[in-house]
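Every chain is named by a letter (A, B, C and D) in the order it is written, and numbering of its residues begins at 1.
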Amino acid sequence: MSYQFHSTKSHQTESSIEADFHYETTHVEVSKEGVICTPIAKDYKFKVDKKIPKMGLMMIGWGGNNGTTVTAGILANKHHICWTDRRGVHEPNYYGSYTQSATMRLGATSEGEEIYAPYKEILPFVCPDNIVVGGWDISKVNMADALKRAQVVDYDLQRQLYPYMKELVPLPSIYYKSYIAANQDDRADNVIPGTKQNHLDTVRKNIRDFKAQHGLDKIVVLWTATTERYVEIKEGLNDTAENLLKSIASGEEEVSPSTIFATAAILEGCPFVNGSPQNTLVPGVIDLANKHGGAVMGDDFKTGQTKIKSVLADFLVSSGLKLQSIVSYNHLGNNDGKNLSSPSQFRSKEISKSNVVSDVVKSNNIMYKEGEHPDHVIVIKYVPYVGDSKRAMDEYTSEIFLGGHNTIALHNTCEDSLLAAPLMIDLAVLMEFMTRVTYSIDGKEFKNFNSVMSMISYLLKAPVVPKGSPVINALFKQRECLDNFFRALLGLPCDNHLLLEGKTEHFF
Amino acid sequence: MSYQFHSTKSHQTESSIEADFHYETTHVEVSKEGVICTPIAKDYKFKVDKKIPKMGLMMIGWGGNNGTTVTAGILANKHHICWTDRRGVHEPNYYGSYTQSATMRLGATSEGEEIYAPYKEILPFVCPDNIVVGGWDISKVNMADALKRAQVVDYDLQRQLYPYMKELVPLPSIYYKSYIAANQDDRADNVIPGTKQNHLDTVRKNIRDFKAQHGLDKIVVLWTATTERYVEIKEGLNDTAENLLKSIASGEEEVSPSTIFATAAILEGCPFVNGSPQNTLVPGVIDLANKHGGAVMGDDFKTGQTKIKSVLADFLVSSGLKLQSIVSYNHLGNNDGKNLSSPSQFRSKEISKSNVVSDVVKSNNIMYKEGEHPDHVIVIKYVPYVGDSKRAMDEYTSEIFLGGHNTIALHNTCEDSLLAAPLMIDLAVLMEFMTRVTYSIDGKEFKNFNSVMSMISYLLKAPVVPKGSPVINALFKQRECLDNFFRALLGLPCDNHLLLEGKTEHFF
Amino acid sequence: MSYQFHSTKSHQTESSIEADFHYETTHVEVSKEGVICTPIAKDYKFKVDKKIPKMGLMMIGWGGNNGTTVTAGILANKHHICWTDRRGVHEPNYYGSYTQSATMRLGATSEGEEIYAPYKEILPFVCPDNIVVGGWDISKVNMADALKRAQVVDYDLQRQLYPYMKELVPLPSIYYKSYIAANQDDRADNVIPGTKQNHLDTVRKNIRDFKAQHGLDKIVVLWTATTERYVEIKEGLNDTAENLLKSIASGEEEVSPSTIFATAAILEGCPFVNGSPQNTLVPGVIDLANKHGGAVMGDDFKTGQTKIKSVLADFLVSSGLKLQSIVSYNHLGNNDGKNLSSPSQFRSKEISKSNVVSDVVKSNNIMYKEGEHPDHVIVIKYVPYVGDSKRAMDEYTSEIFLGGHNTIALHNTCEDSLLAAPLMIDLAVLMEFMTRVTYSIDGKEFKNFNSVMSMISYLLKAPVVPKGSPVINALFKQRECLDNFFRALLGLPCDNHLLLEGKTEHFF
Amino acid sequence: MSYQFHSTKSHQTESSIEADFHYETTHVEVSKEGVICTPIAKDYKFKVDKKIPKMGLMMIGWGGNNGTTVTAGILANKHHICWTDRRGVHEPNYYGSYTQSATMRLGATSEGEEIYAPYKEILPFVCPDNIVVGGWDISKVNMADALKRAQVVDYDLQRQLYPYMKELVPLPSIYYKSYIAANQDDRADNVIPGTKQNHLDTVRKNIRDFKAQHGLDKIVVLWTATTERYVEIKEGLNDTAENLLKSIASGEEEVSPSTIFATAAILEGCPFVNGSPQNTLVPGVIDLANKHGGAVMGDDFKTGQTKIKSVLADFLVSSGLKLQSIVSYNHLGNNDGKNLSSPSQFRSKEISKSNVVSDVVKSNNIMYKEGEHPDHVIVIKYVPYVGDSKRAMDEYTSEIFLGGHNTIALHNTCEDSLLAAPLMIDLAVLMEFMTRVTYSIDGKEFKNFNSVMSMISYLLKAPVVPKGSPVINALFKQRECLDNFFRALLGLPCDNHLLLEGKTEHFF
């Protein structure tokens, strides 16, 4: 199916899409006298470089369950490898990927039929089949055996992918004992020796080599290794780009492996995504990204339990039901679960998961008084037997009309890595895409978007935002943001869902 | 807190709000050559009559669980009656009501703080405390004893409300045996005698009398009686206003009680809402509403299981997860459950509940081939012991990346009437409000909105829509529609969720 | 490990075990004056023929999911076929089989350590590995392809079993359209032609041929085909052996396929088990079994939801908690689910499932008045997508102390055939075993047990019992019965669980 | 209904029941050669003192949720106080009590009808209505206000009980900060001053005073206060009665409040029960009990989640299903939950809860190799909003036939104190009863049962047992023990569940 956009707002050249966008928003001032709302508008121009680059994706923790699943999925799709399980033959797909399997509403026909289109067919995204994957891991097991170790994809697929993956071996990675759980120690047989500065230099060289070796135009670097403990944020240590680089040079303890990878990526001009919950993106990293026109985003892939929570909490509170307690229990048996069984790693996760309802609760001052919060408990347990088949058991209790209660109990069999992998592909595809979009305000020169790529918050559990920008966790709002951005690029108006043509006289 | 809207688009006079709204949407044409998307715009003017009327709410099935709960809730709030249960003292509230307990996002401050406001403080809605309630019921039990029979609100509140409600007795209602379950027969001791024409005339007189007796400006009529079987739609029978009125006059079997109430409401100039799943709003009713400038809406209050389903199905499919089976089990022990234990009444409910995912599935032609649907099972059972404490047990199975499965099992203790009652209040408040809003296109004369008030689809399980307008079930889209409509009335731009001021340079 | 039983009560010869058992029970008389309890004792002798026969198992519905799974399991164990899935390599086992994987408490050591033994090591059971399987099916698909169709066992096991199973083809079976769902019609390509008498004769010949062909000593016949509708029980039709045979000869409509198979089995001297819920074992069948010294048992394999229910209901009521409602929802996507989607087949299932709490409720006249029952709802739905992975969703609500409530909601992923298959093996093994046990009372001649083998009620959802014997559904009581019977055979005292040696002075 | 026992084994005098009981059990020896099983028998005589004493129940933690609920329940039953909630009028009952609301199978009639009798009608138990309650608490709130604080029983019952309970004020209790959570500190306004010796002496005096004041024959002392941390067991400290008393005299830190209460109870001749998980019953306490002919039992009331677990684990493993993981999540909002949010108190609970499957797993050496265990996780979280309405969310995963899995997920709304209170009443009634039963072996003199009253293990989560006696957690075995003991007292044979009269020829 071909899609045409007959809009005066957007036009395509051979090499680019250029779109005019009249951005409208509401500015609010709160004072003792009250709340004053003022509409504001800005005229934007967006430019998208249409040239789809040859792209690489380098993952830290490549040999882990997420990394192997992404690799297996891309290879299975690229080579169209089908496999058989007890239910029959399966074809590879990208289910769970927003860019590859979801659709965007375009509009409606005169007969009132709503028409949707696959994102990948209307926007010049990199096709995941063409991504060259590589990366680092503290374990030197080759990717074919790592796929077996992960126990995620079906045996018949493991078997067929073996020849494709056995030659792929992760590069040595950075391993600082204090950052991840002690139980990871015996896995660490593939580490870069030397000082922190040497680690940074080595990783930078790895990136350059990978690019050269595969003739790549661009590389996205993605942290999918296990959760680290939080680092301290301190003046002089990691508050500015300069201090951060100095701290690396002097081998400061409070510089984490993930921060070194982020630094390397930025210095090599690669977008960087932190898919784990720790605070990799310290102020110094963001400062560095700003200075180098880099693109960073985090934290923590938004899958499973938290994703549903950001939907249900929004649903309940926006229905006027007073959500009073949220209890979220998780257990899993993969290496991530093993690592998280250690308290300081769990703490990182707990923080990333617990903020997800803050914006929703804060939105309602009828039901929640200043400072009032629902009870909120988060537990993650390591249960080896369930393997990668993560289980979430949640309970949401709400106070309803006249003192009644609504209780939702939920048992969710998630399949941890099979939910995460397509999201990782989306993050790679969208981060790459965002670096091809520039904007101009009021006719001024075209610039890159803010280094913190909060446009793709939809995919992250604890989205990092530019300073002064609100954190949005509500899933449908995050999605509207992305959709409307894409509409703007295509010259379509934002979707206001009003469908006035049906509610008043019908004018088309 | 006071709210001010410094917009050039909207201005308020003593008696009205007038707003200019530049409506933008996308028109789509689908042909063999492809899909062509064309932005369309219309200049609207909206006018809201600010005069809040003295309003009545007349419910059919007033003595049922929903009707008594609405009445009790309004009285408890109006007289601020507190009550005690084992957990302590409770104050009355309108939790679960969109208009009374939910908030709308206004915008953000310069510091990036998002500001929300209660709907009821920014729009001239009727305050539910001031609604005068009344209605019809086939059982002549007074409302105080009906409240006890319902077993919904706490004993201490039942007790305190007794003197307020014991003098309230439902008017005789219309009872045609074939329309509801046989098990309702012994409840029917309060019925209007005579022919269908006599029923219509009596109901009309009841409305006029109620209006006069309480000095009301406006009355909303709301069907909250138990589910009827479907009626046949037939040429000559109920296809036009004229034929419908003729059929009533001649006592045609295929005219249901609810259709007679709808007809009476329209003829008396009252907005009418059908809160049960049957097809009350036959073409003849809608034609009649069009001719009389009436306002009708239905079907079936969107609470509990279906509401969550319209959220979860949307969430899953829009995440690129292929929802493959939905199994929805329900049981309840109130009179609604008893009536639905009869097959033809259940059938009405089944239809209303099963369509709720159609639009979501249809939106994705990557995962669902033409005509492909998830397995979808709906069961409702009568379990007297659980009373009004309705239980929903659902299972959603999705196919995910590389043949994996995501399974969500859910146990929801709903409290049937406590979820429905605030929605009924919302329907009354919003239907009344919508009849005070008129529009003008391109500077032409002001008109009423389409008789089918699909603007408030958010509150209905199987929203009726004007001809040629798509049915939207996805909850967040329904809500965006309402919110953006209200924004337009206040002169605020629609919410595009882009927050570009944070993602590019910050301009306020 | 070897087990020795130093008991004066039992002695073993080369060919048999002979045991003396002093059976004690309590006889109760209820009259107006009250309840009179009188201990009664009988001296039994049991004799077990130790010669383990070469045994065949012929299943009706052999090519269905249960039949193929039993066959696959026996072959995988016999040939020790290991298989690989995504989690790694698996060895065959008999998990879920009481005779093969469960243990019996023997007693305790002087140090208070409790010692258990596998049943199969202390009693002369047939080893399932040595059972020769065969049977009938209305579908002529060979067993290897039927295994694929079933989608139950892992692909890698399906693959390896293919050569073992492809030559196995079910014998034509009996197909009367009115007995099973219309949706089974297109499966019926392998049916015995002719009259009911011819069907009986053919099946008898099949049994004789199978015995001869494989040199078998004994054959157990097991109905595992899909559920039939109930037959009418009528004087002259099926009330006596004679009438039943006459009705078959005259081709009476109300003689079901399963009853013909039962008749054939009895006439050929084979134990017969009905594993589906319909009333196969009409009085005429039981009369026939009595006359021929046959052994029959039924109805319906006790797996999954009903098994847990018989545990939880017993647990709750025996804890003094007043179970007030049981709601049992099921869905499955295999052919059994498809057949049960037809109302009259479902009705058979509903009856078999609903009686399971009767004995438990009847046991407590403090909480339940005469005729009082918990609400009890049973639903089975056909959801193709879940396949053989049956789901049970149950809710148990109990009234507790001072008007409180205890609510247990349960989601159970059952894997229908993988739970049923080991039970079917147990039924075959135990039925065969029971036919080798005879008893003598007070020194009189040795006789067979009652034809209705209620000793193995443990394995059946709606256990048939001899006239005048109570139906026991409580699972732990059923198990105690079997255990104590086996203890008696081994010369061990029944287990009274008193452990008095620890509670008074310790005497060993 | 009257019950008569026409048994030659038991006869009743005016003051006592005397019963002969031929106890049979199996002794097992395990050596390299194998397992040797030898039946053993002993002739017991049991004597029950029929005189029902005027009994007191003194609870430590009286003012907590359990203590107030027990008190309210006894008073409501004694004075037959009915109350109303939204569902209607309720009568007081003892639902959840084994002695008051459960029944024992007596036997069957000639027609095969099974007959059951309430325990309380066939055995000379104290009637709970007549128990005089009192006790200690570190909070001096009177019992009427404590009942309100507990938020457990319905408001209308709280209200009516107010005058009965307002004069009841707990005695000052023992409070050592290190033993319970720091968050309990502000509750401790009612503590006995002085040294540990003084605490012991005061408590002893309290018991004597209470006895005198109410003219009681016997007092049971029951710890239902919040969970303490574990104490160290050390030679010289608490290993013998003598050392324990010395340690109290010298004020050793490692003597807990609960141990002092146990000591006082024993020294005053009162049975003592520890209803919390900590190791109150140190060897020195048991030694003291032995020396004084005392009766002690513990630990931790067996309600809710653990009770079901002891049923489900038994059910699964005894069905030959390999239980591989048990995940038990709990949350509650009462003061017990608050105290358990502290790690060392939680640790006590975790130990008591985790042992509950040990005996079940150990029973099966086919499926579990030496040292092999299912994964087992226990979590308890404090969620204030849910109050006393404790929630348990469990998942049981089992490996089944041919590599399949059975997964049971369970959401249980428990109502913590309403489940515990009737059990506490049972413990009081049964402990009292057990101290009226003596035994004689082989005609020797009558003696008390072992001081550790493991006969009532049925009611305890982590039953303490006499040295050399196995711990039985399987619920149905625990119940069989009690039932058979009662049968023995009544001269009825133990229940072997064989029902041979139906399975062979019918002889009555």
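Going forward, contacts are C-beta pairs under 8 Å (C-beta built on N, C-alpha and C of every residue); 3 or more make two chains touch, one makes a residue touch a chain.
In UniProt terms the chains read A, B, C, D = Inositol-3-phosphate synthase.
What you see is a predicted model; the values in this text were computed from it and never measured.
Note on connectivity: the fewest steps through touching chains from subunit A to subunit D is 1.
The angle of the rotation carrying subunit B onto subunit D, fitted on C-alpha atoms and rounded to the nearest 5, is 180°. The centroid of the Cα atoms in subunit A and the matching centroid in subunit C are 53 Å apart. Subunit C and subunit D have Cα centroids lying 37 Å from one another. In subunit C, the residues that touch at least two other chains are 85, 153-154, 407, 409, 411, 413. For subunit D in complex with subunit B, the residues that touch the partner chain are 84-88, 148, 151-156, 158, 387, 409, 411.
Subunit A meets subunit D in the complex at residues 324-325, 327, 329, 331, 333, 374-375, 377, 379, 381-386, 391, 393, 395, 397, 407, 409, 411, 413.
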